[in-house]
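There are two complexes below, and they share chain A, which is joined by chain B in the first and by chain C in the second.
Moving on, here comes the complex of A and B:
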């Protein structure tokens, strides 16, 4: 679906994107994680054919991005972080207009129903809440049924309930066979949604793997337990792999002296900080 | 056809955002003023009104339209769609040209100043497209209405001053190459209407092609995702 080989790009004489290579397979959700200014935006502009003066190879849907024709856009959809809609037009009018720019068009009422907006279809976008605008913006990217979707911070600024709705929509599109490129600062979204993630810092990919592999390869799961000793509450921490070797823990279990016991894994953010020395958020 | 879809979208946008009400208001106002003037002034006054308003409206409206599209980030979606820059330019010029021509015809018919309808209609339409293209060129490069108003002052002076001078008697033959003066001659249906039409076509094409290049640059710069 996407193949990037030895990509180099710069705005000035200094390299901005350096020797980036990766592949995205059909049906995959691939996440770009990185702090602001890391190069995610530039990378996305290159993948969507807006920046064309790069060196290396960038093939998207079988077409080299720098020599793309306008029909290139018939098969990609972009959901921007902020709504890109005519505020004084209704939701239906917006979708009808944007759909008219493409050859292939999905049924608008069906799309509106899928995100719970069918009853608000004739309402002006300016009267929509933030969550409604996000859902409308999302289905706008699906109007022409593209095989490849670029989602930019899809849950940014949404309350937990709307965020859940958005994540379910993304997962349902994956189920329908879409390939999705997700750009986010949110490690929890990335962990939940992405099949693979790339950590981008200073224009380079510092790590690329499944969230599970990244977490497991760099940080061992740990157990933290608490108990009473000499009238005081104490706590201890051991690696999960060393549980059976911890005689003190075994003794506390046998004597029913444990106050609490918790297991924990490092988050993707911890791994990001460990690998890159930078914070995601 | 995508240009048709864009054109219809632009017309809907202009109606929803109240542009057509402004046109209607000024049409009624101008026709009222023309009827209040002595009949011997009517032709000159009508030409001045058509030149300075329906024909020139694209210059101002284009700033408002593109600024709305920028502020609502709609251009981001246009940039990653199959829309070609020339289609975007064409739909903008045609949509403004369409309503400008209707308003000019209304003023012209009401004041009974149309002597050669073909030259009158094509003149207004082309001049509207020309002004819209110039407005588009400025609008692509600015981010606020204040900037737009200031940026367009030199263009307004260059376009308006020679044309008004011509209208009031300063008529050197070389000034016929000025697009505003070409329009005046077309509105009058004078003997130099045909060369004036050719001159106006050349100017309109020149600025439309220039606008296309600038729109292309603008769409590339706005279309990326800002993180």
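Moving on, here comes the complex of A and C:
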């Protein structure tokens, strides 16, 4: 679906994207994870054919991005971080206009129903809340039923309820067979949604794997327990794999002296910090 | 071509819903009426008052030139305002990732309005000019004026971030029209100091009736358009 080989790009004389190579297979949710200014959006602009002054090979849907024709956009849908909608028009008018730009079109009322906006279809977009605009913006990218979706920070600035709605919409599109490129700096979204993630820092890919593999390969699960000793509350931490070998813990369990016991594993953010020395958020 | 026309239809729809832009687009008609009937009336009053045979009549060609350039200038001012509104609403960048494309977007927002303004200025000049215009000259001047208006539009959208800034830059961009006056008032070679302005060559074409002036007019217009397009293109990505 996407193949990037030895990609280099710069806005100035200094390299901004350096020697980036990766592949995305059909039906996959692939995440670009990195702090602001790392090069995630630039990479997305290259993949969507907006920036063409690069070296290396970028093939999207079998077409080189720098020599793409306008028909290239018949098969990709883009949802930018900030809504791009005509504020003076109604939601329905907006969708009708954007649908008219494509050869293939999905049924607008069905799409509006899928995001709970059918009753607000005739309302001007300027009267919409942020969450409503985000949902409308998302279905705008689906109007022509593209095989490939580019989503830039789709849950940014949304409340937990709207964020959940958005994530469910993304997962339902994956279920429908879409390939999704997700750009985010939200590690929880990436862990939940992505099949694979690429850590991007200073225009380079520092790691690329499934969130599960990244977490498991770099940090073992741990157990933290607390107990009373000499009248004071104490705590200890051991690796999950050494549980049976911890005689002190066994003794505390046998004597019912444990106050609390918790297991935990590192988050994608911890792994990101460990690998790159940078914070995601 | 369909996405281009759909995009242009949206442009027309936005103008029709904006009373200020609607007024801007019909303003050339009122200007033409004033030039055709108001200026000869003023001339008659002024000549009578000062007891002179002619005062404004010597500059009737200049008034006609202003009329030729005013129509595309105002049409493209409306385009600039639409583009700035769309940039504000993140629409310009979004349309670039649809089958309209980056270049298609600019064609639907600048080239199509310029083409319409070309026809409008030919009609207005044919009906309301104060002097006699040979058809080839009229067509050449109206074409160059349309090209010039694309340049002014790009200048406005490249150097402003919103409509308020756009209106301020539009006023400043009036300087680009200054070249129209030069051949009428500066007769020495000093006039060539203004040769970077396409408007200077448009005026030279009319004043000297020298069709060779079309070449530098085209050259300077495309040079400006090229430079400004590159700047605006960065804003679209």
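Convention: the second predicted complex is superposed on the first by the 281 of 281 C-alpha atoms of A that agree within 3 Å, B and C clash if a C-alpha of one lies under 4 Å from a C-alpha of the other, contacts with A are read in each partner's own complex, and residues count from 1 in each chain.
Simple rule for what comes next: contacts are C-beta pairs under 8 Å (C-beta built on N, C-alpha and C of every residue); 3 or more make two chains touch, one makes a residue touch a chain.
Since we're looking at a predicted model, the values are computed, not measured.
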Could you tell me whether chain B and chain C fit or clash when both sit on chain A in the superposition?
clash
Contacts for A:183 in the overlay, against chain B (first) and chain C (second): which applies, first, second, both or neither?
first
If you stack the two complexes on chain A, which partner ends up touching A:145: first (chain B), second (chain C), both, or neither?
neither
Once the shared chain is lined up, is A:102 touching chain B (first), chain C (second), both, or neither of them?
both
Partner chain(s) touched by A:270 [first = chain B, second = chain C, both, neither]
neither
Which partner does A:40 reach: the first (chain B), the second (chain C), both, or neither?
first
May I ask you to name which of chain B and chain C touches more residues of chain A?
B
May I ask you to decide whether A:202 touches chain B, chain C, both, or neither, giving the answer as first, second, both or neither?
neither
Residue by residue on chain A, keep only those touching chain B in one complex and chain C in the other, then list them.
45, 48, 50-51, 70-71, 73-74, 76, 78, 80, 82-88, 97-98, 100-102
Under the stated contact criterion, what part of chain C meets chain A in this complex?
2-3, 6-7, 10, 14, 17, 89-91, 93-94, 96-102, 104, 236-237
Can you list the chain B residues touching chain A in their complex?
2, 5-6, 8-9, 12-13, 16-17, 72-84, 220, 223-227
Residues on chain A engaged by chain B in the complex (per definition of touch)
36, 40-42, 44-45, 48, 50-51, 70-74, 76, 78, 80-89, 93, 97-98, 100-103, 140, 150, 152-153, 183
Considering the complex alone, what residue numbers of chain A touch chain C?
45, 48-51, 70-71, 73-74, 76, 78, 80, 82-88, 97-98, 100-102
